[in-house]
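Submitted below is the structure of interest, expressed as structure tokens.
Chain lettering (A, B and C) follows the sequence in which the chains are written, and residue indices restart at 1 in each chain.
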Amino acid sequence: MHYNFHWRPVLQALPQMLAGCVVTVEIAALATAIGIAAGVALALGRTSANRTAAGLALAWIEFGRNTPGLFQIYLAYFGLGSFGLHLSSFAALTAGIAFNNASYLAETFRGGLRAIPATQARAARSLGMSGPQAFRLIVLPQLFRIVYYPITNQMTLSVLMTALGLTVGLDTDLAGVTQQLNVLTYRTFEYFSVAALLYYLIAKAMMLVSRLLARRLFRY
Amino acid sequence: MIEIADVHKSFGHLEVLKGVSMTVERGEVVSVIGGSGSGKSTLLMCINGLEPIDAGRILVDGVDVHASGTNLNHLRRKIGIVFQQWNAFPHLTVLENVMLAPRKVLGRSRAEAEAIATDRLDHVGLKDKLSVYPSRLSGGQQQRMAIARALAMSPDYMLFDEVTSALDPQLVGEVLDTLRMLSSEGMTMVVVTHEIHFARDVSDRVAFFHQGRIHEIGPPDQVIGNPGRPETIQFLKSVR
Amino acid sequence: MFDATVSLQDVLFMLHGAGITLLLTFWAVLGGTVLGLGFGLLRATAPGWPSLALGAVLDVFRSVPLLIQIILVNAFAPILGLDLSAFTIGCIVLATYGAAYCTEIVRASVLAVPLPTRRAARSLGMTWWDDLTAIVLPMALRVGLPGWIGLALGLMKDSALVLWIGIIELLRSSQIVITRTQQPLLVLGIAGAIYFVISFPIARAGAWFERRWHDQ
């Protein structure tokens, strides 16, 4: 092995890379939040009596689950241009991940709703609560507990997916910043191993936070 | 007063209620007995509008439950119902379970709701379980909590649907005692039950349900002690 | 010459890319399953710190973006003096990545076989090996198969990421056609349809197995 490792420049670039981490987490959080909202809409649409709504929701879900996430990002970045909609790489990446998240979370929500017995809502109605009240006070908190871990899991996956921003030229997130540094020096291995470590730490930190939060949230 | 007049109700092609009529006066305890699938639970659900009816009329204090203008949420405040399965809200403590409806439906303050809830829970003997989650309660305790939850709305009527039939035998007594206490306090009650002895002890009148119709209704000594119809005799034989 | 329509030749070019995608998937699934079976059995049957250490190492592959792993291995192979083709590197990374997931599927499936069942088998005089091959694995297969099908499809979809190191699989070939024809929506529509046609029937079959075996 005749390769000399140079770690010093990587350490000097660490502040830039840490700034990239912030962008990475931002994109993941945004894509998860949008994914949750769209996922709830899809789950409701899928079970709705309206044929068109149910069909559209099903199409989105199956399409999202049966094509690569990278393909969905490409579609947002290159494909939407055909409609005169030119997204920035940041927006395209976020939209692609959110689209993917929604397809998976929709099925999570649908399963969660089915896991809560109808007798719970009926008991709430019998106490004089309105339909929306029964949903908000009785069904939703129980649903939240069921979908909590799948959501945090999806958010961690979203963090890992943000690295795909490279392929659409994003240069502000962790992968993008690393690539910018890389093309200047071609110290590919050094830069990207530190990036890998940072991704690992972000993923583990997220898991830890979600576990601690769960302990406070779910006492029952 | 609850007035039920010629009520018909079907699930799809299955006619479950085939013209049911009866009245329940204020302060009266009416037990409903009858075979499985005869429509007893369905009748209770129709009384507080959880199930719609196909024909006939149900009036509670003169208000037509199934008329289009009736505010059911409003009406249900004065009709408490307790189901066979324990429907505790698992994400709330015992106290929170009982406080929730007074706060959110009646708009009571937290302090008021807590006072009401504590009082009702004390009444059913659960004062030492306030901050416990329902999963930690026995079936009998959960059922008593469900009773306290309904009582916290200060209802004028209470409907009970086989509240002891999902319980282990040794827990039946504590729940029946709670029902006895309520009847002695003058609560108006409709009690669907398989506990014939209990029905005989506590009821002012007993109604025998068979295949969607009331076949016999009257004082317990008559319906249970000296039944006049072959179906009633048959049923009583089967449960003894 | 500039031809702005998608020709039959373009579609054939993309289908060739789809062939590369399937080939990558084949090697990744094969390698991942063989490794995953070994590691998974180890993790399920030999508890203690070696199993935990293996679990922690494999967890790294599940906690670092796959694209970063591809870039790292692609950069590290020459450092080691290895002259590997991009295709080989793609297969290696995807197979390791698959192994990390497959290990957990195997482990969970084996542990799902109830202990009394295993004791009963051993008490009938079966050897450890007989017990494993005749009782545990057939039962575990039912538990693990839906997850394994999901993993295989996941690898198929993730194989798109190797376009970064210059492999012309389905998505990269589509990109090339887009550059030539300037018809992104049409071309991506065709690519999406190809992915869908590969994935959807298999996903449905997996769901069918899961329902069928769940009800029993």
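Here is the rule we use: a contact is a pair of C-beta atoms (placed from the backbone, for glycine too) under 8 Å apart; a residue touches a chain by one contact, two chains touch by 3 or more.
Being a predicted model, the structure only gives us computed values, none of them experimental.
Peer 1: Could you draw the chains as nodes, link the ones that touch, and say if you get a line, ring, star, complete or other?
Peer 2: line
Peer 1: Of the chains shown, whose Cα centre falls closest to the middle of all protein Cα atoms?
Peer 2: A
Peer 1: How many angstrom lie between the CA centroids of chain A and chain B, rounded to a whole number?
Peer 2: Using C-alpha averages as centres, the distance is 47 Å.
Peer 1: How many angstrom lie between the CA centroids of chain B and chain C, rounded to a whole number?
Peer 2: 56
Peer 1: Please tell me the distance, in whole Å, between the geometric centres of chain A and chain C computed from their C-alpha atoms.
Peer 2: Taking the average C-alpha coordinate of chain A and of chain C, the gap between them is 21 Å.
Peer 1: Taking each residue of chain B in turn, which ones touch at least two of the other chains?
Peer 2: none
Peer 1: For the complex, give me every residue of chain B touching chain A.
Peer 2: 48, 50, 73-74, 76-77, 80-81, 83, 85, 87, 89-92, 100-101, 104-106, 133-135, 146, 149-150, 153
Peer 1: Quick one: which bits of chain C touch chain A in the complex? Just the residue numbers, please.
Peer 2: 60, 63-69, 71-72, 74-76, 79-81, 153, 157-158, 160-161, 163-164, 171, 174-175, 178, 183-185, 188, 191-192, 195-196, 199-200, 203
Peer 1: Inside the complex, what are the residues of chain A that reach chain C?
Peer 2: Within the complex, chain A contacts chain C at residues 1, 3, 62-63, 65-71, 74-75, 78-79, 81-83, 156, 160-164, 166-167, 175, 188-189, 192-193, 195-196, 199-200, 203-204.
Peer 1: Chain B touches which residues of chain A in the complex?
Peer 2: 119-120, 122-130, 133, 137-138, 141-142, 145, 219-220
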